[in-house]
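The two complexes that follow have chain A in common; it is paired with chain B in the first and with chain C in the second.
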Partner chain A sequence: MAARDQHGSEAPGDQGFRVVGKENRKVDGLAKATGEAIYTDDIMLPGMLHAKMLRSPHAHARVLSVDTSKAEALEGVVGVLVGAELPIRYGVIPWTPDENALATDKVRFIGDEVAAVAAVDEDTALEALDLIEVEYEILEAILDPQKALVTPEPAIHEGRKRRDNISKHVDLEFGDVDAQLEGADIVLEEDYSFHSTTHAPMEPHCAVAQPNSNGRLTLWSSTQITHYVHRALSRVLELDPARIRVIQPCLGGGFGGKSDPFSLEFVVAKLALKTGRPVKMLWTREEVFYAHRGRHPMQMHYRTTAKKDGTITSVDAKLLIDGGSYSSFGLVTTYYSGQLLTGPYNFPNYRFDSTRVFTNKPPNGPKRGHGSVQPRFAFEVQLDEIANRLGIDPIEIRRRNFIGADTETVNGQRISSNGFMQCLDEVEDASDWKARHGKLPHGRGLGVAGSMYISGTNYPVYPNKMPQAGVQLKIDRSGLVTVFTGGNDIGQGSNSMVAYLVAEELGLLPTSIHVVSADTDLCPVDLGAYSSRVTFMVGNAAIDGARKLRKQIIEAVAKHWEVEARDVRLMDGTVIDLSEAARSMTHVEAFHLAEELFDTLGSTGAYNTPELGGDYRGGTIGASPAYSFTAHAAEVEVDTETGRITVLKVWAAHDCGRALNPIIVRGQIEGSTYMGAAEVVLENHDLNRFGLHSGPSLLDYRIPTSLDAPDLEARIVESIDPEGPYGAKEAGEGPLHSTIPAIANAVFDAVGIRLRHLPFTPAKVLKALRELEEQN
Partner chain B sequence: MLRLPKFEVKNPSTVEEAIAMMHAIDGEARFLAGGTDLNPNMKHRLFTPERVVALGGIEEMFGITQQEDGSMRIGAMATLANVASHAELGLAYPALSQAALLVSGPQLRNMGTLGGNVMLDTRCQWYNQTYFWRSALGFCMKKDGTKCHVIEGGSKCVAAASNDTAPALMTLGAELEFANATGRTRMPIADLWQADGIWNKKVAHTELLVAIHLPKPSADQRGAYGKLRDRGSIDFPLFGIAIRLDLDAQGTIFDAALCAVALQARPWPLKKAAALLCGTKPGEESFTEAVEQVAALAAKQCRPMPNIPGDHEYRHAMVSVYTKRALLAAANGDGPVHHV
Partner chain C sequence: MRVFRLQVNGDTVEVAAPEHWTLLEVLRYKIGLTGSKQGCDKGDCGACTVLLDGVPTLACLSLAATVETSAITTIEGLLPAHRANGGEGADPVQDAFDRCGALQCGFCQPGMILSAKALLAKNPNPTSQEIKQSLSGNLCRCTGYTQIYEAVVLAAKGEQV
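The block that comes next holds the complex of A and B.
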């Protein structure tokens, strides 16, 4: 880690924070509210063609031939594309490139892309799709992950080193797990499962490509990872990356569902090059469901040993992960499924054996809380059961196992700041836990759970020693500061964070900052919006860049006033002389002085992670410069006649380090909690017996309406982190995790049933209630 | 987004004009009321009419008016929001009012009409999908294919009546006023249905539902609607039950009607069950006992199938629960029975 990467957690001047910690407006809030914001689908270019995708109706088949001659002959069709024209494979993880933009040899799920048409309008393109003749040889489809585990043939992906359907296997042990069985006061061993859920962002995927006369290509895409799309395009199109420009316009939500390079990006780019005209493709909601990359279903077996006082002595996990049809982030998912469980509780001994398999389903990938939401659910339910069996209060058992701050986990992850204990205190207090847990009338209950999550990791997807995040700042004589960042604002507010941080450093109002982001021609590289890394990493880079300018401005003003630099205060767009209070100037005047002294004003800033992680294969995956911590308490009501669980209220306390803008942090906590609660009782990315999504629409995929959302109370805990930007950590994904087990544990408190298999449908509740009745 | 097929739109201003426009074309034509069902169905290529006859300009089809004989006439184009918020309707026909309030969500109730809900196409998880989706299964007998995916080898379409207001109108003995090429007819709503999921009505789609007539309620008529669904809004019923109870001056039930929906092609009247309620008195044990018997009988008579989304065995388990709750709500002047 370079000196540039740490800036301290205090305000830059001695006047305290003027911008940070205040409830400032989001930089793009008004533009979104008024409709002024330009999303990818808003882009209309002269001569633009509309493209549509032909998809496989078979879950697993060999593509024998694709005849596009009739489609090409249709009036209004300008370009047709088949897999053979884009033969190079890609994948977000460079070690597992197993996707083609369009099928070259096989299709691997219902909805897999086969061919594309660009035409003068959408209707013509759709009509042309019907004219494409595809000959398939249908293969046996593998839909059950257990079957995939033991069935090497047919291999969904052929030509790999492994001749089976295993996508990734990780088996790691820290300490001696089995040795803890002897002498353990309690051994609890159970099966758990997590179903499939998807992101359902408001904006469907869309991409527009424009060929330029100078041999360059511009791609606008609704992506979370401009830089990786840039690299993948260059690879697949075999085009010098210097000739490709990728821009992410305003984005209507991602939640991880736009973190892979997607087929439409390559297809519109290739069609644009082929036809010489701009090409747009906007996916339907149904297509978004097929593109998926959502939460991996997991079948999980956990065995925990503990002492009488509740102290955990070992945790042993065996996980089967349903990867769907492609690798996507699967290598990382498989590691995350084990690596991210080792806090906020101390695991003296820990083992996880995770296997991700391929099945003929829409590919699974990263969804908010990538890879760790499922294990967190299982473990927190198991811990609750241990507490119950030992007669220990569920909050108390979590306190007793607290790992602490400034420590290291059993798998070698460095923990710096840690506000988990305060999170527990907050939800205990807010829910009136002591007076109500275990004491509510039958049918009502309270549950608690805790979790931790990363603020980015030091695993940069492709190995390189360059910074993970870079920014460039430009000061204009008008007083406007423009910040260029490769970071992707996907609605989480990362551009706003950059504006606040730069405004804080330069003593400006946030309205004096203009953030230009996610444009590969203009902005320094950032790796993208995933793993909750942007605020932490781009934020640090922004402070790094702004601090250099701050120094120049102060120096120039000090020289002009003939005072000491420490007497120059930058604040709210005004520069004040502390030595002689009557004197001040505007920041514009100060900028002019600085430009006179230093020439054109600009700077760069960068951030890279310190060396982190355990010294073993995969030890850096999940190693984060800082971890966020969360505790949830949930109150539920269970209707014992209908089996319906109503989540009445959820209290969420989240340690995000310093809250750069509390209103945005609360929004992230509430949004995460709401999403988690929906995964418990409503959402199910279900496939029917044919391997076809059972209802790829927003009617049949039940995201909660406002009537279905629980009351939420978000509380912010600020354990100021030594390495975060002014002490900040992540807030976008962590607060989802413990929502789910908190609700599960509340159901136990309400009616005495332990639900271990998501989703908690009313039918499952009724069955469990019946079984409980029979036992008694 | 999904594209609509191409069609022409006609805007008649009278019922007669609408009927003429419906027939003056060789290909298929469809009436468009609120469009909340027709539009998505056209996008799914379930209907690909060459002509759409939009009913928004026909004055006669609007309005909710009490007739001189105390009956109520509801224009078929009255929106579900109109029906749900109409004070007199709410007092006189609570089951209808409650059912209308639980159709879909607020925006769609502002567009969707009572007539459209009565004439709603049946629904099935293997049918209400896009063309691509249905093609992946080789289609089904209701549209473009021959198979049934609900009952493998089945020879009859079992797509489910999914209109919340239909069972309420059934219990109320509503009469439907249709216009067709030969003039006007009126039929009891009970006579509308046939047990065929492909088209569950005995009138052709070229006949126009103009108005719904509700007879004057008895002096102490009560009612309620119960709806099972996953979410608090938007979703079609997974099971629905409407109740009507008529009480005499002593508070004894002298007539009752129950009707369920979201089972098979037709709304499902529960006549035997209703008969058990007659002679009982809410608030007394006779009624409480009858409620249990009715709920048990309803569970025997209502057999949900895996036609619409959701676990059909669970839907079956909910028949008695929702029937019981709806009966109690009707007797107490409460309702609707709905989880939020």
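The block that comes next holds the complex of A and C.
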């Protein structure tokens, strides 16, 4: 049975923390710095073929025929694949499998996959793609989500229960929202919109498949979620999952963009089985832009009522979500768009009505702060406007509405630790808010915003009662402890986190821990790197597993020394007898004693969330064992001549519970903040009227260079969580949320304009300035 | 196909590859030095940066045929060169990047570290603006750059643990 106990937030011994909270090196830092680390495209196998994908030039079309005969005849082509050979549909959410690895009936966006070729080299594969003849019947492309909402025909997905282009609709009300209109001191109602942005990880997607002579198949893939790829491969290939091994090598960034199973994984696997040779596919940067799964564009309408003192009495939201061409995580996105807004402020009454529609665009999915970054932008701008109208300081209005710790939100989410007030204090102090907000020269301004985010969710993607995170530990006679975890280290440092926790628990240095991760043959299942779940869930599982070994080691040493177990201290690789201070042994000797007593040493550890969430349909989606909290202050400069906004500095305070390694936490806060700032002023995953990407390159899609990034100052707030691993919560996604509205609110402070529609281009700034001038 | 004779990390390497291949392709897929990364293959991201006679150069835009007379340094060359000079551990710049948390996903870092290495070789005490300027051809999507600047400053100080 999986252990589901909680471990408490304090150090395992009475000597305080020896590893946790310290600025330790990462377990893989030097391997990455020296070029030793192996990423998927670094894998080269003997006889390996190179595969390329043929993609649709049409945004919406029926595929009438695919003729690959000429391609197959080309010298050097070894295998060709079409949709009919992989007819089984998949999708990361089991209820909405609507993707095929290669088109079987229709293509639904420019870039949708149609056929694939494996050849002796990439050049030959590319040449062969030109020889494939596809006959399309072009259909009307629906690119505007408003149009998708009211246009059932042509249905982008046919054969569903719903005969329209609505992907998911959620309508939930808590309390009585409309009743608050009467008697409200202020009612504010506005439209907001969030544009399309993408992850742009530096490593393009890549997968390598190797057929094994014993009938097994190995797939290396740049995925954030090995376990779901494993399940999806088994389903689509109709192959026993026990015959498939999925390995995630070093991953060059994900941010949510590598969370879905992707067509290339199925295609290389099938081509490998078909040809009997290893097959690799590496997507070009342009293909990565079309693979997308980026942040959902949202059109949002918010109405908030409040009392004179700024107390919120109700929030009413109506959201239209552009899903793009497939479901992806859309069911969850639609819930998250409403469910995750109910803190850090108390909403006594709340309603949201969210509709996700299909359009003929690259599919949208989870990007850092899945589903909740967009509503957070809208609401924090609205709250700021309420503060302004009521003459209340923007930080003060946020304090007045603070929901508190150890409480429950209006939609039934349990809030445990909550350091939001300290986050506000930190940014108020760091930005010199009191002396500068509202007092800077025209063109310069300060803005603030707050937010919260989940540390994982108690809703596993497919319903089951097994642990959400599992680890296995093995102790070697050399003194090395190997930890096997299904967790995906995507650069966020989860393998290092596991090493720190096991080292802390066993009284070792982190260098005595070796972490093997994300290999389905070797590692217990973990649900992967998404929803900011890894530190909380894998961390708790690691402590659980290590604690069992700790007990055995202490017992063995106590028996050997003939002392009480409480007199045995494990610390920094040494075992000390507290009853007679002169006596000690190395951890290696202690391991030997334990192995003599208990036989071969090993353990398992597991974590599952407690039962959480409201008692209604969807009540568990967004219910998290702990929430992180964030407040940001941003300083901007607005050039009133050119309309250009420069984000000068962002102070980012984030409550991550106990910071297991402050350097890594700071890296997550700064990385989130810079990414959010870029979404406001630089990045736009824009499609033209045909559905063609306006600039699918890292030159045109402007992720910030070192010269564009704002100055960042991270402040770590540690509200020790009662259930987190040593009190830790998430840090990877929460800190992005506040950045965007803080910048919007700073623009208001700078020049008096309320920008409600992202991105904030110079044209929008100039238009708003002109309108303001006309009003005055 | 033609034979390229390249000077890589102090070794002379002869390797046969298609004539139109870039230095990045030859390094990665023929010589097996996969530390140089391909992020875009069109000169936008800087992940493929190598040093040609000490100058940061985009390997994805350099034909292998044009660099046969240059001394090529890839990320794999730093540690052995450091050891050959009697150093311990990793190269001080690599070490500083590790200590400062500059390595998240790590994909951009071989290029970033080589750009930093070239900067420090000609300017041992760069200002923060000079650091930003010198690294502006290397995109990083993880860090927000702050910890990278800190690493360069730390490396400039020459402290090692």
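In this text, the second predicted complex is superposed on the first by the 771 of 776 C-alpha atoms of A that agree within 3 Å, B and C clash if a C-alpha of one lies under 4 Å from a C-alpha of the other, contacts with A are read in each partner's own complex, and residues count from 1 in each chain.
Please note the rule applied: contacts are C-beta pairs under 8 Å (C-beta built on N, C-alpha and C of every residue); 3 or more make two chains touch, one makes a residue touch a chain.
As the structure is a computational prediction, the values presented were derived from the model and not from experiment.
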item: Superposed partners chain B and chain C on chain A - clash or fit; value: fit
item: Chain B versus chain C as contact partner of A:761, first or second or both or neither; value: first
item: Which superposed partner A:720 touches (first chain B, second chain C, both, neither); value: neither
item: First, second, both or neither for A:284, with chain B first and chain C second; value: both
item: Touched partner set for A:597, first chain B, second chain C, both or neither; value: neither
item: First, second, both or neither for A:28, with chain B first and chain C second; value: second
item: Chain B versus chain C as contact partner of A:707, first or second or both or neither; value: both
item: Chain A residues touched - chain C or chain B, whichever exceeds; value: C
item: Which superposed partner A:696 touches (first chain B, second chain C, both, neither); value: first
item: Which of chain B and chain C A:644 touches, first, second, both or neither; value: first
item: Chain B versus chain C as contact partner of A:670, first or second or both or neither; value: second
item: Minimal inter-chain CA distance - chain C and chain B, angstrom; value: 5
item: Contact residues common to both interfaces of chain A (with chain B and with chain C); value: 123, 204, 282, 284-285, 697, 699, 705, 707
item: Chain B to chain A touching residues, read off their complex; value: 1-3, 6, 105, 125, 128-130, 132-133, 135-137, 230-235, 309, 311, 313-314, 317-318, 321, 339-340
item: Chain A residues touching chain C - in the complex, by the definition given at the top; value: 25-26, 28-30, 32-39, 41-42, 44, 123, 199-204, 250-255, 282, 284-285, 490-493, 663-664, 666-667, 670-671, 673-675, 697-699, 703, 705-707, 709, 712, 714
item: In the complex with chain B, residue positions of chain A that touch it; value: 55, 57-58, 110, 122-123, 126, 204, 282, 284-286, 639, 641-644, 646, 682, 690, 692-697, 699-700, 702, 704-705, 707-708, 761-763, 766
item: In the complex, chain C residues that touch chain A; value: 18, 28-29, 32-42, 44-45, 47, 74-76, 78-79, 90-91, 94-95, 97-101, 103-110, 113, 131-133, 135-149
